[in-house]
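Below: a set of structures, written as structure tokens.
First subunit A sits with subunit B, and in the next complex the same chain sits with subunit C.
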Partner chain A sequence: MEKAYLGVDIGSISTKGVVLDADNNILASDYLWTEGDPIGATKRLAKSLEQQLDAGRHQIVASGTTGSARKLVGAMLGAVVVKNEITAHAVGTTTLYPDVRTIFEIGGQDSKIILIENGVVVDYAMNTLCAAGTGSFLSSQARRLGVKVEEFGEIALKSKNPAAIAARCTVFAESDLVHKAQIGYSKTDIIAGLCRAVVLNYLNNVGKGKKIAGPIVFQGGVSKNAGVRAAFEKETGLPVIVDPNGHLMGAFGVAILARRSGRESPFNADVADMEFVTRASNCGQCANNCERILVYREGVLIDAWGNRCERGAIRVK
Partner chain B sequence: MPVTRTVQAPLPRDAKISFPQFASYGIAMEHLVQRGLDMAFVMPPRMTRRTLEVGARYSPDSVCAPFKLNLGCFLECIELGADTLIQTGGTCRLGYYGELHEQILRDLGKDIRFVNFAACDFSNPKTFVDEFRQLKPDLNLKRFTAAAIQAVRMVNAIDEVDALIRRRIGFVGDPSLLDHIHGRWLEQLRHADGLKQIEQLRRSTIRTIEALPIDMPRHPIRVGIVGEFFTVMDPFSNHEIERELGRMGVLVERWMDISNCLYHYRGRKMLPRIKGYAHYDMGATAMGTIDAALRYAKAGFDGIIHVKSAGCTPEIDAIPALQNISADYRIPILYLSYDTQTSEAGLQTRLEAFYDMISMRKEAQQ
Partner chain C sequence: MRIGIPRALYYYRYGALWKTFFSALGCEVILSPQTDRAILSQGSRYAIDESCLSAKIYLGHCAWLLDKCDFIFVPRMADLGRDKEFCLRFRAMPDVVFSTFRDEGVRIVSCDISMHKGKSEAAAFAELGKKLGFKKHQTLTAYLLAKQAEQQQAAAGARKLEAALAGPELKVLICGHAYNIYDRYVGQPVLDAIRNNHAVPIPADWMDRDEAWQAAADLTDTMPWMVNRELTGTAVLLKDRVDGIVLLSSFSCGPDSMTDEILTRRLKNIPILTMTLDGQDATAGMETRIESFIDILHLRKDGTVCL
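Entry: the complex of A and B
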């Protein structure tokens, strides 16, 4: 029986999972929509990965979680590592591309830039309050234009004259888009303009004041959009690498971290059939009224968090 | 009701005075009012999400979080019976906040006296004495001065103990032990009578903390925290960032506290030191931020965290200087902006990632 490691990245929009062997080869992977239900998505993911895996040959001995639901899903899977997405992405990318200097990452709701020197993260930044220039912005504009977001990239590449679209803010971008469409720009040029707007927004906000050096690796869901990639290359003047597994990089990174942690906690594929329930409970012992989240597996409390002081702590027996 | 003007009317004997909560400094304010003015002080309750909620509800949306918290505190103090509220001035928009707070409270129909010290000059204590004299014409100057000196000493002692805790909390076996000591220290200090008692308490508390066994690596990860006056000092405002870093095993330094601002915030000394990064005083605590950041960078700290409330202009002005320091000394800086968000997830992600980054970097260097 060979050891395998599970990494799960539960983002706002999509849930990604990979199973690696000890040499970082991907044994199984999947990418599915979170649909606002991280527990359900994780169950579907577990089922899918289990089906891909040769149960007689590989046994998952440790799992790690990352992404915005990492804590919840970490409790669910009994993860040995629960890591933020910046570290997970950096570890994943530097494993595959040891020379990488800059990572662009644009996901569904957030975007980040990670700067690397000699394989070590030296600086990073995340978008702050605003989701302009992220995947969800592109999806909503695609709906408006009646085009599938998956086709955006190919369409954008055909444009010779991308429409200028304000990149500062989603609301401005949208009114610009409507205006350009009404005065007669072709959809192709508008889509190319949108891709460029995403890139400009990213470089002006997330990449502000950062020294961008190559090699650049671009990942996250939006990296699948060839139009955005081309716009990045044009604006930075540097080649931009998109790994075929770029969308899995966070999961890949956290699986590696789970292996490196040296801790083992065999993964039980039965999670797919177990009942997980979360319950929100307000502490109520002072005016702060902390919102606590309690996680139950088959009716038994397995984890709880959210309280700011000891008084509101819920002990798991 | 219009806002009351310039000359302060004398306070009635039974006035119940209050001042917005700010870190642990309420103790000193209470001492000054009770001992110096011989008047009742209403201690504002510990800030909670409710404070923020009620404060934000009646504040302009784009105003900074400290304004909202102050307003929330005022409203909570009024509930507890305070009828006289004090607001100070400051070297940023804070100078106008008193009037705005007063107007909002009046518009809400609150029948309170509002004492605004905005016209006082922090570098000239006499201006404060004059103000207090208007409030209390029969002010016993000797008594007031003694109480003021004790209050300042209390502030110094609070700062000293806090600084020690920041350096140790990451390395004691059980951080709740330090919380316990800290809580007891503040409770005892609150009832301290005279300089001698304050000094005894300070000494015994420091001894107790220093006696706690610590397990510190030879080269611990060191992080300097800089930023805007209120948010950087107030643990509720910054979501207890220092404690969070301590939990990760980080040695935390913060220059900015009331004592240092009082004794060591001198532009003529700071400007020459930071002249490579700023030529002018950009107001409020921007110079102190740049000066401290530069010092941490030169001292080889592993990282700097810049803390401010969203929209704080002087601190926004300081950011380009910090970026230059970061590039010149190759020291990572994490920029955090706080508003009324209560979700800890975003902050947690950024802090954890920052910790991972500086610890991996340190490992690679060694």
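Entry: the complex of A and C
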């Protein structure tokens, strides 16, 4: 029986999972929509991965979780590692691309840059809590233009003369966009302008003052947009790599971390059939009135969090 | 006489001075409690929308003190000399507090500190003692005792700084105003998150103020604000002795917006995380940012993350 490691990345939009062997080969993987139900999505994911795996040959000995629902799903799966998605992505990317010097990442709500020298992270920056210039910005502009955001990239590549659009703030960008449309710019040029604006915004904010060297790996949901990728190549003058498995990078990274942790906690495929229930409870012991989340498996409390201080802590027996 | 001191803004810088001064004069000092959600929402209700988070919190503390003391102490702090200015909010604070709580019959006691107008801190406190009806020598004694207490606090900071820098753990400089760092509701969760990730947070105010102020000249010739100069200088002095810097600012602080830009653009070879606090209730975004930042620092230092 060979050892295998499970990594699960549960984002607000999509849920990703991979199973790796000890040499980081992908044995099984899947990508599905979270649909606002991380527990249900994880159950479906567990079933799918289980079917892909040769049960007689590989046994999952440790799991890791990442993404915004990492805590909840970590409790559910009995994960040995629960890590944020940024770290998971950095670990995944440096494993697959040991020579990488710069990682660009633009997700739905955040964007970050990681600089690497000789395989070691030397610098890092992330956007502030404002989502300007990220995937959600492109989605909202797509709605305004009546175009599917998935088609943005292909349309943008056709433009010869991208419109100049400010992307610092979605509100300003919208007025720019309306203005350009009204004076006669084509939709193609406006869409190309939006892609370029995302890139300029990124380089001038998250990437300001950073020495960007190649190879560059571009990931996160926005990396699927060929227009943004082309604009990055044009602005930096360097080739930009987008991995076809880029969307799995977080799950890949956290599976590696689960293996590296040295801890083992065999994965039980029965989670797909177990009942998991979460309940919110307000503490009420002081003015902060913290909202706590309690997680039950088959009616038994297995984890709880959300309190700001010890007074509101709920102990799991 | 009961003097109310809001536990906000420059209480976190001059608290030892103020408390000792009033106590030495025989006044009872009523300190508002630690910030919590109730105080913040009270403050937000009273403050104008454009106000920064820290000033909103200040008004929340004033509201708490209204019926619990004879006077609320709200000093008018303008400047301590050239390039030692305070944010305009501090200059305006007595007027803002008075007009905000006029209908509640607020009674405040204030004093002006402005070297541009020839009024030193010592002169301001002499005037304050006089206003409250104390004799000149009483006031002077109280002020000298207060200065001693202030010096002791500074010496304790210097000791803590040396101890923290000597330790083997990952060190993170928290470059921000003391009123953000030490506020239990807004700043402390950030420091807790850093500790939970096996790193040691080092508050900028442990650094010697004069030394820090002078070191700022390395990065800026023109910055007028005293505390922001100190923060800039602290980052310059400690950048090679810590593993990373967190710029902790309250939304929408004017001086910090400029200082944070200077630091992120001009400091090289040190990871910097900008954290803007706006009293968000959900801490998940903050925790993810801190955790990933500390992971990056671990990766940078040891080539691996803490698991």
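Keep in mind that, in the parts below, the second predicted complex is superposed on the first by the 317 of 317 C-alpha atoms of A that agree within 3 Å, B and C clash if a C-alpha of one lies under 4 Å from a C-alpha of the other, contacts with A are read in each partner's own complex, and residues count from 1 in each chain.
As a convention for this text, a contact is a pair of C-beta atoms (placed from the backbone, for glycine too) under 8 Å apart; a residue touches a chain by one contact, two chains touch by 3 or more.
Remember, predicted model here, so these are calculated numbers, not experimental data.
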item: Clash or fit, subunit B versus subunit C on superposed subunit A; value: clash
item: First (subunit B), second (subunit C), both or neither touched by A:87; value: both
item: Partner chain in contact with A:175 - subunit B first, subunit C second, else both or neither; value: neither
item: Touching partner for A:68 - first (subunit B), second (subunit C), both, neither; value: both
item: First (subunit B), second (subunit C), both or neither touched by A:161; value: neither
item: Which of subunit B and subunit C A:310 touches, first, second, both or neither; value: first
item: Contacts of A:289 with subunit B and subunit C, given as first, second, both or neither; value: both
item: First, second, both or neither for A:59, with subunit B first and subunit C second; value: neither
item: Subunit A residues contacted in one complex by subunit B, in the other by subunit C; value: 68, 83-87, 119-126, 128, 209, 286-289, 308
item: Subunit C-facing residues of subunit A, complex; value: 68, 81, 83-87, 90-91, 114, 119-126, 128-129, 208-209, 257, 260-261, 263, 286-289, 308
item: For the subunit C and subunit A complex, residues of the former touching the latter; value: 36-39, 185, 189, 264-266, 269, 271-274, 276, 278, 280, 283-285, 288-289, 291-293, 295-296, 299-300, 303-305, 307
item: Subunit A contact footprint on subunit B (complex, rising order); value: 45-46, 48-51, 176, 240, 320, 323, 326-327, 330, 332, 335, 337, 345, 348-350, 352-353, 356-357, 360-361, 364
item: Subunit B-touching residues of subunit A, taken from the complex the two chains share; value: 68, 83-87, 118-126, 128, 209, 211, 286-290, 308, 310
